[in-house]
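Chain naming follows the written order as A, B, C, D and E, and within any one chain the residues start at number 1.
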């Protein structure tokens, strides 16, 4: 039993699959997120795959501000990700709305709608920062498993 | 006849941005495509009422992260025109160089995503590897990889030293070589031709009628390029719009690919002609009146309308972006194609939704 | 081969497939000029998926996933027992069909379109595989695998075109470009993940595991083409697999119409030519 | 239109043999370019709390209290545009070359210094 | 034995008479009682091992049959006259003349009028038993059918009467040894199918019934041409004698080809398939009866009877190709159908093509395959037809797309249908066992094996699609078992059991019935007989471990079922709709126009390809070429 638990733990540590949702960002953070997955930064070294399907994801990476139309979608996607999951807010907009915080159709950061585990500041954050965030989220995932949250 | 309705987007792996298409499909042939927008709308035009004209530069830079520099350029030139500010020539050249770098970065990014849309993963990676070089140039010369924030009213913030110029030329040479390497792949690979030729055909008349702009228009054989309006330093540089005749996805790829070489050439010309001098002038006072300014973005013509009242806030700022102009053409192109070609055709106009919805 | 050895090999086979898939990912990464995941990455993925919560959007999904697994295990097991090839092939069909049924049971259009496409893939490769099996029969005079091991020359010498066809089928089965049509390994596809879209958590793990067992059969079929030397058959399998990876990386994804047309014209004609050689030769 | 047999083959094979283009980030960190705008640092002892950075900031992420001498900065609002750095009359604001690291909660930075005495106060 | 035979023929006839006279509400159970009797008798006959297989009844009914035969033909001519249908008139008048000529010519009669061998035993068994279940199912069905269509002109008495006549005709056809009696029973099935198809008296029904009559009269004419020719070469009407003793020369083969052609018309092979498709307008019990056990199997039975005669001839090979082509072409056509009954019809034609291909290959293995396919196909198809009948009455549509997620509406029927479809294509069920034998035994014929391979793949496509259609849960709602009449449910359940469990019985079926049958002609069918070793079929080039597979399948089923139950403990989640706003009450979403959309996917029918008239034309032309090839197959 303990052995199996350890296997599962290794699995969760080494294979974080990522769902990226562009929630109204200016594309800056999106292309940096994509860049993380391309050869120069190659997040697949850590087992990261961009799955594009909430049902397969472990890490929910959100970029951009939340507006009135996409808040529901953000929430839906969040609900569709199976436990254990970690939510990453990438970029200033996702953290707080950034420069758009006062814009008429902007509600604010991602954490107004769903609980965020890790914040990655920057406008846009460098790929290295996103990679750091992913590595940090792996630790969080491991903690969640250890605390029996599955 | 039984039909299938596919909610294509807002979150969908092939779409880099939230955009919705309600596709009605019959045997995987698209019968109808209803676009749905509004997932990225922030209302940033309204921000001009609370952020002064200097701060608005940072806002318009974030209309779209991919062509941020060119948005800022358009904004600055428009305001400067209203205020009658004469920008120093060196600043004009620097603006040109950075904007062409942005165009290259955008086209490379697009070529990658386009390769990805027909499932050519390694080609996608190849283009993004080339693109990293341009981002390095951006980072080294301007301090940030994507949103460079170099423009200010009356000039630019940063200067290019001679070493930097040499380095840029060396990097460009390397990029050119790497691009030459994939030329055969793009134009002579059987599978790529199979997936792009004849997909999403737009004739020149249709393109003009539907108001398409940029590479979409040029790929249909209409030689129209807003850089011919001679803003920034383009009046002193020598170039011809790149065009193709077929008007399909393949032709759009062709146009964008050759525009990369055009941009390299323009940067080289600019670097060879760049004059010495100051890089900015001090701007005092505030604009008044109305103005319209158009520049060529990687995706086509962007259109800025300003209305100012002499205070530090603008009355109205209106941005019409190229993707907005290309969406009618896209909706037309989407009908009658296979579902597998939907991503190819959507990407062939290089949609930038955050531009479109602002 | 003694029975216990066969059993041992059978139990070992999924691990071998896991490692092969790991090497596949590493090699693909190298071809794309990146470092790529560790070799044991497929195992990590599998363990992780097993530990995850499974979201069920239809209860039949779980039923179908497990039938798929059972079918695939039976198929691999029969292969190691050196049973009738045609029978193994039909048993393999059980798994594939139930995978599709699972995808069909959910009302998500992505999964259903994936299912439809998977069915078209099945009708593209099934006749080809049957042709290969018939070719083997014409050479050995029997459908049993054991008879192939009695030959003193490689099957490849007699069935070169059918081997080509087999690699075609392998591309479809491995879900590799240009035929990663119903579900692709990398994320960016118009139908999300096709048949796998709604399988999540442990169901996805089960489906993945079943796919490994299916690969045992397909790669085993390739190894049969040089059955008289263990060394050469291993080389053949790895070489073929390497070629598949290369092809995966230098082609774009094609459409199912193209696949169907070519499988049914070029594939069948090639098969016919090779079979006529055998018949008259 | 003629086709060439897989033209991408050579690229792929050279990729296999050549050095990989991946930057092995957490293990080897590339030295940042000197011009990079990273974390915003304030040498608060130099700061005169004039408020021009706060005024120029497009995202309103800096708040200054002249009386108490506090410089409050919200990193989660900052868009790293560099306007404040350019506006600072005493050059106490600098962007370091390190990028901001991910964090588990949004924290504000509050720096306290001694505001320069005003002329009236001196009198 | 005599008494058995007598009851087999007379009980259905008597019951038919009774049903015709007595009001239906009172005579409801008479057909069932009659068929229970015949079923019991057929089981008894089936269980006999050593018995006097050739016998005569106490009285000679040959003359009676001759008279009836003429009446029948005159009736057809009358119908042809009434409807101004020239082909019917032409075919039947020619038949009449030929028959007259033949009757005058024939001077001998067989030593035995009745011959019951192993295949007749098998046929009798499934014809009677399946008919019984179809009848049980038909009672509630026909009541509803009458109410539903508010038919005034027809009565259910009529319907059941004809059905019973049909069964009697089938029984007669199976046991008779007289070539002309065979023809009579053959025509009886034609008559019954004509009446049954036209039962509803709608315009479409009448047109289709005439079509059926036209084509089947052509079949009858072929039969008469064939038997006249045969009689001139080998003057006997004793089927057994012809098969065992007749000299096989090319002219003989030509006339044999005509007889086979008659069988192919009856089995609705290409290019004569149209009547069976038209027969779909009839009430579902008719379709079930026509498709599963009676009408179409009569053709197969005819071919099987004569198959030893043409073993190892070119004629046989062309027959196989003909069947193989039908298998492939109709499977392709089935893809383009969204009408459930049409899919079933094409599937029937396709499977009959496979059986004929097996008969054409004409080796012990392939004859085994043909018999096994015939046997299991009968049960499987009956089940599927009854399912569709039940579903059709509930949802008032035959369209497959309307049956999407049927599980939520009628779980039991949906599950039964799904399992029926799965049993058509997957091991270890009977149909696949047959297909496996067919492909293995055809492996020598490259063209044929490729056709079978392609056809088998396409078959998988449309059945899998069919099966996939029915499943689907409702969100946050319990699925209740549908209420239906016991008379509807019992046949479904029993046939389901038969489809699932009978394959396990197939080794015995083979050992007891098929193996001895093949041994009777051991001079023709020599090599590669299947042997049974530990519950697995084996011959020199292949083996099918039926029992191990069966146990594995059961194990797999229970494992999967366990996990299904486990999964059911958790609530259902909403599928992936690209993150769109979710409708909380059902699997749906709100689209950008603000409309509620319940996602509706549909199958691909490839209409541009399949419905293309060019394709249909080419299929018809090709099949004609095959027919010509096969007619000339005897000439060397």
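Here is the rule we use: a residue touches a chain if its C-beta (ideal position, glycine included) is under 8 Å from a C-beta of that chain, and two chains touch if they have at least 3 such contacts.
Just so it is clear, the structure is predicted and the values come from calculations on it, not from any experiment.
With steps allowed only between chains in touch, the distance from subunit D over to subunit E comes to 2. The chains in contact with subunit B as well as with subunit C are A, D, E.
With A-D and C-E as the two chain pairs, more C-beta contacts join C-E.
Geometrically, the chain at the heart of the complex, using CA-atom means, is C. Note: the chain lying farthest from subunit C is D, by mean C-alpha position.
The chain with its Cα centroid farthest from the Cα centroid of subunit B is E. Per-chain CA centroids place subunit A at a distance of 33 Å from subunit C. Centroids built from CA atoms put subunit D at 26 Å from subunit B. Subunit A and subunit E, compared by their mean Cα positions, are separated by 59 Å.
One inter-chain figure worth recording: subunit B and subunit E are separated by 65 Å, centre to centre, where each centre is the mean of the chain's CA atoms. Multi-chain contact residues of subunit E, defined as those touching 2 or more other chains: 573-574, 576-577, 579-580, 599, 601, 603-604.
Multi-chain contact residues of subunit B (touching two or more other chains): 4-5, 7-8, 10-14, 28, 38, 58-59, 62, 122-123, 125-126, 129, 132, 147, 189.
The set of subunit C residues that touch two or more partner chains comprises 31-35, 54-55, 109-110, 112-113, 186-188, 192, 197-198, 249-251.
Two chains count as a pair here when they touch; such pairs are A-B, A-C, A-D, A-E, B-C, B-D, B-E, C-D, C-E.
If you check the complex, the residues on subunit A that touch subunit D are 39-42, 45, 88, 92, 95-99, 101-102, 109, 111, 117-123, 125-129, 131-133, 135-136. Contacts from subunit E toward subunit C in the complex involve residues 405, 418, 422, 425-427, 432, 435-436, 439-440, 443, 446-447, 449-450, 452-454, 456-458, 460-461, 464-465, 467-469, 471-473, 540-545, 549, 552, 555-557, 559-561, 563-564, 566-568, 570, 572-577, 587, 598-599, 601, 603-604. In the complex of the two chains, the subunit A residues touching subunit E come out as 21, 53-55, 72-74, 76-77, 80. Of all residues in subunit B, only 51, 54-59, 62, 122-123, 126, 129, 132, 139-144, 147, 149, 157-158, 181-182, 184-185, 188-190, 193 touch subunit D in the complex they form.
Within the complex formed with subunit B, the subunit A residues making contact are 21-32, 34-35, 38-40, 50-54, 64-65, 67, 69-70, 73, 77, 98-100, 102-106, 123-124, 126.
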